[in-house]
Amino acid sequence: VGPFDHPWLSGLFADPEMAAIWSAQTQLSHMCAFEAAWSRSGHLAGLWAGQEGTAAAKAIEGFTLDPKDLAEGTAHDGLCVPSLVRFLKAVAGDAVHRGATSQDVIDTALALCIAATLDLVDRRLAALADELAALEGRFGDAPLMGRTRMQAALPIHVRDRVRIWRSPLSEHRHRIQQLRPRVARIQIGGAAGDRAALGNNAQQMCDAVAAELGLESAAHSWHATRDSIAEFANLLSLISGSLGKFGQDVALMAQQGVDEISLSCGGGSSAMPHKQNPILAELLVSLARYNAVQLSGMHQALVHEQERSGAAWTLEWMLLPQMAQATGRALVAGEQLVGQINAMGTDH
Amino acid sequence: VGPFDHPWLSGLFADPEMAAIWSAQTQLSHMCAFEAAWSRSGHLAGLWAGQEGTAAAKAIEGFTLDPKDLAEGTAHDGLCVPSLVRFLKAVAGDAVHRGATSQDVIDTALALCIAATLDLVDRRLAALADELAALEGRFGDAPLMGRTRMQAALPIHVRDRVRIWRSPLSEHRHRIQQLRPRVARIQIGGAAGDRAALGNNAQQMCDAVAAELGLESAAHSWHATRDSIAEFANLLSLISGSLGKFGQDVALMAQQGVDEISLSCGGGSSAMPHKQNPILAELLVSLARYNAVQLSGMHQALVHEQERSGAAWTLEWMLLPQMAQATGRALVAGEQLVGQINAMGTDH
Amino acid sequence: VGPFDHPWLSGLFADPEMAAIWSAQTQLSHMCAFEAAWSRSGHLAGLWAGQEGTAAAKAIEGFTLDPKDLAEGTAHDGLCVPSLVRFLKAVAGDAVHRGATSQDVIDTALALCIAATLDLVDRRLAALADELAALEGRFGDAPLMGRTRMQAALPIHVRDRVRIWRSPLSEHRHRIQQLRPRVARIQIGGAAGDRAALGNNAQQMCDAVAAELGLESAAHSWHATRDSIAEFANLLSLISGSLGKFGQDVALMAQQGVDEISLSCGGGSSAMPHKQNPILAELLVSLARYNAVQLSGMHQALVHEQERSGAAWTLEWMLLPQMAQATGRALVAGEQLVGQINAMGTDH
Amino acid sequence: VGPFDHPWLSGLFADPEMAAIWSAQTQLSHMCAFEAAWSRSGHLAGLWAGQEGTAAAKAIEGFTLDPKDLAEGTAHDGLCVPSLVRFLKAVAGDAVHRGATSQDVIDTALALCIAATLDLVDRRLAALADELAALEGRFGDAPLMGRTRMQAALPIHVRDRVRIWRSPLSEHRHRIQQLRPRVARIQIGGAAGDRAALGNNAQQMCDAVAAELGLESAAHSWHATRDSIAEFANLLSLISGSLGKFGQDVALMAQQGVDEISLSCGGGSSAMPHKQNPILAELLVSLARYNAVQLSGMHQALVHEQERSGAAWTLEWMLLPQMAQATGRALVAGEQLVGQINAMGTDH
């Protein structure tokens, strides 16, 4: 069991809001939403009559499935969509999925997860920036020893260090704005990625499906060009990295002898009940290093052969949801840690 | 939810035997086994009377706990042991844990997981080697085009390529033998790692605890020296890497136009029912690249500050169990893939 | 000797234009340009009289130094600036460097290297896109077998695959535009990063130095917030990753039996004179995987403690110039590879 | 220019002894030594008459070449051997290289570099262990605050912390012993890796070549099974990781307020002449993290397709020599840092 879902480690690592965004249940809902939108819009490309598509869409929207029912098919096919489509066709008839391919379904569901992640992360970045501003308001005038290369340098003020923690947050929010149209967008390519089955009205149909799902449309599929997905992973790791820097600083400030910060609610020790460990500060470092590691794999997956690479795409599945979990948890832990700060500065 | 536990992705990624070795339930059992052995042996270091320790050990052995009950304590303390010790003391009294520390408990439980992993992996390596030998027996004489730098080089035989797949497996088994004493060993250091609370008979007590748990003893703690753990991670990735090479070769051989292998049971496509995708071959590549990525983090965790680094140790928890899962799955998938081979060679 | 400078491996890996941008000589010139601009603008912050600063700036601009003369100082101080400042003061007097710190000098020189890199990369991306468009013009109508999961899927056309190679290039150019103001900017913080020595006119002075160097100004230092540097590294790896996908596809197309591409000028073998190895295609894959690896370290370096981390900053020096070299070489190799394509398509 | 060869950064990063082991000149010598041994032993496999081979070997041994002369050929062929063989045949005639392949030459040269690296590293590990033992002798009885999770835990003694630094060194020496026969061994496979050109006496010839070069023989080629090379990379990173832990501890001990260590010869600052920066301690952390990053790429290169992967093998060339440099430098810097320690302990 991974750290984010483990019976007790989840106490440290879990972020329920982010977990909900990436849960199997949500992914399944997104896939069904794609299929419903596909059925409803298919008449635009002459895949079936409008009435037939609408009926199928309604049947899909009324259908529920236990995610576990897709496991056997996934074991056989390497992905869940062939099995899902069989279930959907059984209830919704033939005006289903034709002209689409598994990757259209899974990547569009991914785009919906990413869009929701960007919303959540953006909101939390704003909130954390506010709380750091308030922290600066409380303790900013206090003197602090500036430290470079782990050595005392020259006196600064608490505000200078808090400013360092704050300043990347608005940059990250700016990055989210710039990135969003590249990732919150529809994936439609069909079997070989060229939309051949959709004929001359392919773009019109793609626009309609995108609009229904609240995503950007796309002029062509991005089955095999994963640069925006890797860029999203980079953003996740930039954010957890900025928070790792915050955590590292707090852990250093909390050392006895340095005594530049006072924290409430540190963690206890089984052998030394007197200790107050800066658990959240250390956790932020761990999460930052974790994402810095995972990011490498997302970039390895850019070497995505031909029209669809099973190997590279599968690697993304193993890495990206966990990166989102780590970033989500880092943002929550960052806010919690700010809330634990009772005092800052050399003479507090 | 991580790929190994996901409702449907687990159909592709899960290895139930390996999952059992690293499950929360098993880890909890190992931690309780450590605590029972500790209680039973504590009289050797004068921690308590023998009778008192025996009674506590029996109480611990009779105790059961829902792993989830440790989540709240983990959230507070950054690890589960303070909470676990409170539960154990409530049923087993005071002859519990004294002189030990959280890391002794968690790392010894880890050593037991690693020992079981080495057993399982070794057994599977042997079985896979046998099956590849049988494969060579069936198809070894068939001609094959040797390919270097993705180009036809000179004719070889199927046995030459199968030999490449086989030869690392016995090397890996040799590595397991060499590594085992460095990782299947007790962790005992106490609060600050120096066994100070155990007095002059510290080593005697450590030997007894190790013997009871079936682990190597250790002359001192390895709280902050994680080289053997990183070496174990390296072994996991070497093995999945060798299998990734096998998978990559099979996927290349299965290409239309190359046609050097015939597989049964390939995966289906939602858009192209005629396709037979070499799912397991691609999966082996994904698992190899996954572990190659994770390994980097296990080596980052070697920079483990002072007597115990919360940040570095927590990072290990996030990475190592998943690496074991990936290697376990790769070994099973490797065997399954051998079983799917119907024919090999240029003229099959 | 690293691969980019090695006596014979450089035949494969070197990109002289990119090497010039990141050469020691260029870095030294940038550092001296910073120091000259600093001397010239220092009167704005009352560091010295305008005349004195102008004279010092001219002396610095007329000064030349063998880069090797900074080695001894670097060995002692961990960086070259203290030594460089001593040299400069010897020729330019006292109106030098005061109020600045080593990191201001080195990071501003880095920003100038990055700005030149973005220019070069942008120009090459445009050129490569043009050449791929021309390639599409020549062979786009030819039939090609679409391949997914390493298996024949459905027939497509050459244009579909070339489109996959082309489409990320314009996205990368867009990313360059978005990123440039975050990285092509001045670094000024002074000893502890707070510009304390520059007094009330600090921003005015920073703006002047930035303008003289052709960089964006900055409202505060970014000594310890390395997110934009990591984002630049991400961009480098996105680009080499896109080219790695192109290379992987070409290597697969060039296989005997697949025969979907014809290349001139492949590499020879010492044992098989008849072979034509797709050297550049493989090289693109190697460069992509190389950068995907290095990127992880650039993100580890986000955990940058306090006002300046020697450890994290030093790690950047080890990684980033090499990533730029790899991306530069990938772009050149990509263009060379397009030029080697004689024919494409199933029936060429 | 990479950090190890840079005009001034080399002051910080260079290790001349290790650089000599991996220099182009040494690699070229090793390649020529292989070719001479090949010529001398070729009569055993009937490749040519003994006298002819001996004459060719002598001619090769008397031949010198500027490494740069191999650059053009490397650019064309992707590796230097075809070009080298042409040079050698011009002076030594036809009893040269026949039956061998480029990878035999390059990998055997690599094995010789690795063997020399293991010797140097082993010697330095022993010396460093001795110096740490002496350090323990000088300061071991001094009290020190044990620190866990960055917090004061319980008092220990300096010897306890020095023991943590020392203990992995002997483990690494043990690992070298275990690994050596797997890496210091001949590579002989011929064009397609099966030694087909050597006939029935292939093993006899391989044994003779190995004996002449002072390497282990091998029962078959390891062209495409790179597990032992990746294991060597792992060892390099384990060692630099252990030293990174030492460096991190020293940097933490040297903080003002903690004051547990006194160092001579720290590095100076351009802005703060009073500072004494723990340059070498930070460098050890950088080198550890650098190698932890590179290792991931060496494991990616395990996915080595078919009989020879240009892409995977080329990736090794980019990574492994630099890892050896980093480990070499870390060992020297570790010894230097021990030599800078004037006092240790809480009350020094």
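Some points to look at:
Lettered A, B, C and D in written order, each chain numbered from 1.
FYI, a residue touches a chain if its C-beta (ideal position, glycine included) is under 8 Å from a C-beta of that chain, and two chains touch if they have at least 3 such contacts.
These figures come from a predicted structure and were not determined experimentally.
The chains in contact with subunit C and with subunit D alike are A, B. The chains touching subunit B as well as subunit C are A, D.
Put simply, the chain farthest from subunit A by mean CA position is D. Taking each chain's centre as the mean of its C-alpha atoms, subunit B lies 28 Å from subunit D.
With centres taken as mean Cα positions, subunit D sits 39 Å from subunit A. Residues of subunit A in contact with two or more other chains: 78, 147-150, 153-154, 191, 248, 251-252, 267, 269, 272, 277-279, 282, 285, 289, 293, 296-297, 300, 309-310. Within the complex, the subunit B residues that touch subunit D are 78, 146-150, 153-157, 160-161, 163-164, 167-168, 171-172, 175, 178, 182, 191-194, 196, 220, 222-228, 230-231, 234, 237-238, 241-242, 244-245, 248-249, 252, 285, 288-289, 291-293, 295-297, 299-300, 302-310. The part of subunit A that touches subunit B in the complex is made up of residues 1-13, 19, 22-24, 66-82, 85, 97, 100-102, 105, 190-191, 247-248, 251, 265, 267-272, 277-279, 282-283, 285-286, 289-290, 293-294, 296-297, 300-301, 309-312, 314-315, 317-319, 321-322. For subunit D in complex with subunit A, the touching residues are 145, 147-154, 251-252, 254-259, 266-267, 269, 272, 275-279, 281-282, 293, 296, 300.
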